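The data blocks that follow each hold one structure.
Same chain, two partners: chain A is paired with chain B first, then with chain C.
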Partner chain A sequence: MNAVANPIEKRNERYGKYVDSVTPKTGTAKSLWNSFWIGGITCCIAQGVGDIYALIFPNFSEDMIVNITSMTIITIAILFTGLGFYDVIARKGGAGCFLPITGFANAISSASMEFKSEGLILGTSVKMFSVVGPVVVNGIVWSTVAGILNLLILGRF
Partner chain B sequence: MQGITIHKGTNCNFAATSQTLKKSVQKEAKSTLFFSTPVHIVSANAVVGNKEAQGPLKRYFRRTKEDIKMGEKNFERAEILMFDEAVRASLNEARPLVGDAQLLITGDLLNQMTTSSYVARNLDLPHLGVYSACSTYTEALSIGCVMLDGGYFDTVACATASHFATAERQFRYPLEYGCQRPPYAQWTVTAAGCCVISTKGNGPIIKSATLGKVIDFGQNDLSNMGAAMAPAALSTLSTMFKETRTTPEDYDLILTGDLGKLGSDILRDLMREEGYELGQRYSDCGCLVYSVDQNCYQGGSGAGCSASVINEFVLPRMIAGDYNRVAYLATGALMSTQSCYQGETIPCVSHGIVIERE
Partner chain C sequence: MSILNGIFTYAKVFAVGGLMCALAQLLIIKTKLTPARILVIFLLAGVALEGFGIYKPINEFAQAGISVPIIGFGASLARGSIELARQVGFIGAFAGGLVRTAFGVGVAVVASYAVTLIFSPRSK
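Then we have the complex of A and B:
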């Protein structure tokens, strides 16, 4: 078995190396720059929206301002997804579109739109978290771990 | 191979009509089928989507769809509509020439081949569904030729389809999900192609079919289909050259299905290692169907890609006399998303046919 497997493995390894050498790579500097400015602009807009809310509703607490700002940005991201140009921006922006809260909103709304054809229960409701499921699960698991460590090491609730 | 002269140039034994020579060639060939009855491609049609209709081949595509949903309520219905239109167009075109088709061989990319079955449901014909991913079209044609050559049928329709939105949903992410594709990704072609082949009538003749082996060179990147499929094309193409005793110079056009720019460059390199220089006569349907400014990365892929290019571009140009002999190899990657997430590598296959002008 080994004698047969070996030349094939060798061939595959050689081919893999060759493929790596001819496959075009994503330009790191360009991707970083694009995600920096697109992500940066997203955050600047959000900050601007927050500041405007603070001006309009001077008696709101800071937490409240943060919450309604996030809601506004999420709504805009979902609207952009529905109108079909969030993915066009994200193709350029990469992590700059994926990491802010807009990326999460886009992932949920795109999945729920995509599977609407199978109905609201079996389509949208079931598949809504198909892309963001891992984010939700990991968020819960690792924040639980962080909470336990906090309790054990620092001894505070 | 010893003892038999290897013919070169245009007078290779392909064109030779001597029955004994053909028999000896067939006996030696392990995976190439030579058809003694001339199998004509009587009619060939394709329906393509909007993006393809704006590509470099826009002059050649006669049936195009403006909208990606084509007025249907979901993308799967749209694919069925497109497929149905292509099949009916070819059947109608062939009817006055050779009569009704007696068998339908179809395939597509979706799970359980729903598109094919829903199209066949309305056609009242015996139906065979075949799947070998993007090489389904040549597989269907090979089986069709065998059926005709065996004398079981006179006229057979072969068809395949793929749709960008349905393939994307099955194999990748939701359409509107903002993810970046790597520069070596490919774009699934929205197209359906159908041709009617018959032992009667006129049209380009399918001379032989080379059935491919499943080849796996250990590639496991779902986005890099070209690199995964190139070894399969290498295997089938070199087998085709050996068993039909031809060289690349004997063909006016050597066309692979959907290797894309990267995959076809790899195939050139691999063939050079085998001692074949493909040169200018080699091209790839995936490279032909989209232009560089359409943002399709390495080019098109999908079962409809090569079917539409062959049906609407190559065959009409063959009839017009631009090409005399064409080797056509569609290539398919036979993975599923599950198998890739389970750490399996991508097995690939490529079936080839040789088409000659009458």
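Then we have the complex of A and C:
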């Protein structure tokens, strides 16, 4: 068993070193700074859109303002993905581009566009959630758990 | 005075939102986790924050800085699930999260489909 495992481990180690030597070195500090300011600006834009909506529709509830704000920035992000702008920003922004909700939208639309060539049903429709699937599934499962636990623990008082 | 307040709000949004993204970037660099795993970790953090009732005060402080990163999506799911469970009993827990986040997810799916029909993927 060991005789088989060792060469494989050695090969993996060599491969790891090779990958390290080939991956482009963008300095840690620089990529952190890029994701910081790009993520920060994304959040500020969303805040601005929300503030503008609050001014235009003063009688909307706070929840509704949040909803139309996220719908707006999601639509903008998907439009940017379609036009090819989002990739350009994402290459620089790293986590600053995929952690905000715009990144979620970008992941859905880029997966759906990428598999267009396999057809609208078997390509686009099947693969649309291939990237964000884990997020949606885990979100539904654990939020349901949170809801049930909350009802069981706090609902009695 | 209100202008100063506004600037302060945006500074908070920028700082908190940026810090979240920088933290995610640091996780990618240090642990080599894939972005999908990072997203799930932050989402679960959001669900947990909302579940323990810590999310609301953070949201009042940081506003879009915390609600725009995926943490806000998780918190929104949990909030919806908890609220509907309180209203209609335990079956509400299954629907509440989806109902509350359906605006964003719905428009994301429809807009993605429309964009796919209109544009062709370009080579990278």
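Keep in mind that, in the parts below, the second predicted complex is superposed on the first by the 117 of 157 C-alpha atoms of A that agree within 3 Å, B and C clash if a C-alpha of one lies under 4 Å from a C-alpha of the other, contacts with A are read in each partner's own complex, and residues count from 1 in each chain.
As a working rule, contacts are C-beta pairs under 8 Å (C-beta built on N, C-alpha and C of every residue); 3 or more make two chains touch, one makes a residue touch a chain.
Predicted model only: the values in this text are computed from it and were never measured.
Trainee: Which partner chains sit in contact with A:D87 here, chain B, chain C, both or neither? Use first/second/both/neither.
Mentor: Touch status of A:D87: both partners.
Trainee: First (chain B), second (chain C), both or neither: which does A:L122 touch?
Mentor: Neither partner.
Trainee: On the A-aligned overlay, A:I52 touches which partner chain: chain B = first, chain C = second, or both, or neither?
Mentor: neither
Trainee: Given the touch rule stated above, what does A:Y15 touch, chain B (first), chain C (second), both, or neither?
Mentor: After superposition on chain A, A:Y15 lies in contact with chain B alone.
Trainee: Give one of first, second, both or neither to describe whether A:T144 is in contact with chain B, with chain C, with both, or with none.
Mentor: Second partner only.
Trainee: Tell me which partner touches more residues of chain A in the superposed arrangement, chain B or chain C.
Mentor: C
Trainee: Who does A:F98 touch here: chain B (first), chain C (second), both, or neither?
Mentor: both
Trainee: Touching chain B and also chain C: which chain A residues?
Mentor: 31, 81-82, 84, 87, 93-94, 98, 103, 109, 113-114, 117, 131
Trainee: Provide the residue numbers of chain C that touch chain A in the complex, in ascending order.
Mentor: Of all residues in chain C, those touching chain A are 9-10, 13-29, 35-40, 42-44, 47-48, 50-51, 63-65, 67-70, 72-74, 77-78, 80-82, 84-86, 89-90, 92-94, 96-98, 101, 103-105, 107-109, 111-113, 115-122, 124.
Trainee: Would you tell me which residues of chain A are touching chain C in their complex?
Mentor: 28, 31-33, 35-44, 46-48, 50, 66-68, 70-71, 73-75, 78-79, 81-84, 87, 93-96, 98-105, 108-109, 112-114, 116-117, 120, 124, 128, 131-132, 134-136, 138-140, 142-144, 146-151, 155
Trainee: Please output the residues of chain B touching chain A within their complex, sorted ascending.
Mentor: 73-76, 169, 173-184, 217-219, 224, 227, 231, 262, 265-266, 269
Trainee: For the complex, give me every residue of chain A touching chain B.
Mentor: Residues in contact with chain B: 9, 11-13, 15-16, 18-19, 22-26, 31, 81-82, 84, 86-87, 89-91, 93-94, 97-98, 103, 106-107, 109-111, 113-115, 117, 130-131.
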